[in-house]
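Think of it as A, B, C and D in the order they're written, each chain with its own count starting at 1.
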């Protein structure tokens, strides 16, 4: 089944892959049965009622009762499949709160990852077993798609905004990372590896990297060098809103709407500041589109997130769920 | 048979009425226009097929060794564009529908014969633009033209390709318009809606989609072209444009377009199954309602192509639920065809073999649709070979099977000649086997996670890819055969009688091939559709 | 019609051979025109959908952009088009009544109104493109808080009014065509389908403008 | 030919109402009504559209039901396009 030359089932390495496989197997059996039933009926009818001397067709108009039966029963079954699929999807789309963030920039034709601790990787992503990982992604050019078959997750990466994929790896190993949305010439070369490690190994991998500061520290450097702090003062209210603790909170806008200050909002406020102005402020902030790179935006977002009094990212609270949690997950397989 | 053979040579018909190239290029006879379409789409089918073969050959090995990456990308792009817009969409409606709809409803011609000719010219012009695109270096956007790749990042012939499809789209719109008006206004006395053959119902439903959907494709491609030519900023993310807007507009047409490609095939199969089972269709009303339901519901599901694209969680759920609703009428159709065979008198003529193939492959295509409509699973299999296999089961396994079945079924009427039955059955078997060998492994590939549109791939996928390529070569042989023996039969085939299958429709009550005005006098319809219980049980030919 | 007896044959030169009655032919033609018009609805519908979505996303920028529309050009053009619709409707009526002279005159007035609309539109475009550098692309200049989004607003403005103007050009061509044939006396009280269908097309193009006018010129209460 | 021929007076009346509505919509656009500006503008535009369609285009006099169905279908499908695509954009910030 899992042979290297002729596999028939993809590796299962995340907390969601078990439940996805369960639905898949359910559908395989259900549809397999349907196929067998219909094919058998066709073959039996074709043989049993084949044209031969002395055999005549018997006229049948149809039957409303039969029609309603095979309308309503499939409809009912379909609803069950829908609910099951939607339930899985809801889990896939709603990342848990206390997760470790990896900032990702996709470009033709490469994946750039940056951990909040500061490590950068290209086409390779190291993550520990048993942690919830949020991959916060944006594209520098066209649409790409972050796809790890072993995790059963896929999320398109769009230019101009963040999309988020999350997973919790359950088995150590090296898994394929594919770009699944056609992105130009070298689309099929935009592949990489996701390396899932035991927490201890991951820690040593983290500390073994280059000794640059954390992503938030890089962000602070960008923040200061761009002069953001002249308006966004941390001690008192400047010409721009105070960014202390703003992440994750609802923000009342000038036009009366309220938005949650998530990654996407912070990002938009850097690149298109006038679109969603905070109530009580004027749209005086210049756009930083074309001035800061995607990497710098990520750093700024990480910095602003780190300003929360209650730490949000793992850079501040490296609490691992430990082997117990990962064992619980593996049992789901 | 001998008497009809004499009749063939004596009687003036639409084929021998006039000769010369202008008598074809300026004809307004729906039957001649159907043949113009037949030639055009056959040409494009083999071009598209050639691209497919190159794709399969490239994928024989994991490394990109036969073609360059860019060439490969152009191959799958143009395979999709040619096959979808220049073969599948015009295939059954514009060839068989054009030929048969006026005859089936007892009319002399379509409501707007000159518009009908114009439709063909539009397809031909679009086709020339497509050929120009191919010859001048091709286009590599993917047939989906996703922005911003197509608007800002490619240097290939995006504009001419978009224009080609734009023009071909108008051909499709005008055909649909013509059919709708014809079916409403041109029915013979006594041909009520409840007596229409299901083939006409299916084409009617198709026409609704063509008329309501195609303009949205036209405008979205036009906006892509304008963005390239004039720097308009409608899809430009640099200006805050949403990359998903194009996908919404594109799939608003291109999902229903899948039903443009399959509904007429369903109509063909309804005709064939009843004729070769010598039975009325099981549940006529439900069959007719089902095609209309598919046409309407088909418009409500487009965003299921975008579940991982970054659309809202809740919108995804709505579209997933609606997608399951459209599966219900498709299921009804499969059940009813099967039930129609129950207690029939079934003969295994070539068209019936294709119909068997259609039902089986469409069932598998439809059931795998349940997988991709399930949100949690779609996240894993979308944009992989699973989806490729799924829609090829519908479009090739479904539509091309039905198209070939219909071509065999009505070939005696179209050409006045019989095709060789042995070769017909052989080709049907080869195509069925080749098809499954080509596309079944792709389901497994997709589930394993091989993404679509990959020029090179990970070595563990090779065995399945080799199987698929082997199947594709068998499939190619299968598709060449009918073309060869159809051509052969035009000269050497036995003359076809008026009604070789003892069929029930109006088309079997006129001579083969028909005269230019179809009917000597306007028929008066007094019978219900598929009254096979009132016809002889024998299928005279093709035993 | 499906159930009408096929026997009635009025030997009208306008009756094409594949129709049984002229009534059937007329009904088919008018229905065909309506089906064509709903394809046009969907054609513009794609752009309206895009407009609506971006207006929802960038409301402030849309207000900002609207302030750079010329209220008076837009309003005058609306009135011009409404007048042309009236003359078109009257032209169809005259043709129905068999009044050749008045139908030709009314069609010509319609053409004049159509040309007037296009002329005003041209002047307005000239102002936007040459004087104010508001055509999207490298030459786009805009001083304000929402430069990028206003550029999108103008993209929609030029795309939607541009396609509308293209339809106007086609419409003027079609009206000229029927005006010529009306002058030649081809239409009469029993055969006027081409005039009727061109009229339907003309009114449809008018309706599109009826929506474009408020969506571009009136969404901000500050007018230039 | 039994087509309905409307009177000249009716056409002129409709035209006058259309001009009136145009002046009205231009006038109310000067008021600051917030979100209601666009609502009001679209309501007036729809009223104008109905006047043009019903009288100038003669929808009111179409005896053939199928043509009416065609027209309603066109508007219905436009609504599908607008409303269903809007569901995505409106609900994106939820969760």
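Here, a contact is a pair of C-beta atoms (placed from the backbone, for glycine too) under 8 Å apart; a residue touches a chain by one contact, two chains touch by 3 or more.
Because the structure is a prediction, the values reported are computed rather than measured.
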Pair joined by the larger number of C-beta contacts - A-C, B-D: B-D
Chain separated most widely from chain A, comparing mean CA positions: C
For chain A paired with chain D, centre-to-centre distance based on mean C-alpha positions, whole Å: 43
Intercentroid distance (Cα basis), chain C paired with chain A, Å: 46
Geometric centre distance via CA averages, chain C-chain B, whole Å: 35
Sequence positions of chain C contacting 2 or more other chains: 27, 31, 35, 38, 41-42, 45-46, 49, 53, 57-58, 148-149
Set of chain A residues in contact with two or more other chains: 93-94, 272, 275, 289
Where chain D touches two or more other chains at once, by residue number: 66, 70, 73-74, 77, 81, 85, 89-90, 95
Of chain C, residues touching chain B in the complex: 1-6, 16-20, 24, 27-29, 31-32, 35-36, 38-47, 49-50, 53-54, 57-58, 135-138, 148-149, 151-152, 155-156, 158-159, 163
In the complex with chain C, residue positions of chain B that touch it: 107-113, 115, 173, 177-178, 180-182, 184-192, 211-216, 218-220, 223, 226, 230-234, 236, 238-242, 245, 248-249, 252, 517, 522
Residue ranges of chain A touching chain B (in the complex, touch as defined): 4-10, 16, 19-20, 23-24, 27, 30-31, 34-35, 38-39, 41-42, 45-46, 49-51, 55-63, 66-67, 70-71, 74-75, 78-79, 81-82, 84-94, 108, 141-143, 145, 147, 149-150, 152-156, 158-161, 163, 176, 178-189, 191, 272, 275, 289
Footprint of chain D on chain C - complex, ascending: 22-23, 26-27, 30-31, 34-35, 37-38, 41-42, 45-46, 48-49, 52-53, 56-57, 71, 75, 78-79, 82-83, 85-86, 88-90, 93, 96-97, 189-190, 199-200, 203-204, 206-207, 210-211, 213-215, 217-219, 221, 223
Interface residues, chain B side, partner chain A - complex: 64, 69-70, 73, 140, 142, 144, 146, 148-149, 153-154, 237-238, 240-244, 277-286, 307-310, 313, 316-317, 320-321, 324-325, 327-328, 331-332, 334-336, 338-339, 341-348, 356, 359-360, 363-364, 367-368, 370-371, 373-380, 382-384, 444, 447-449, 451-460, 462-464, 532-533, 537, 539, 543
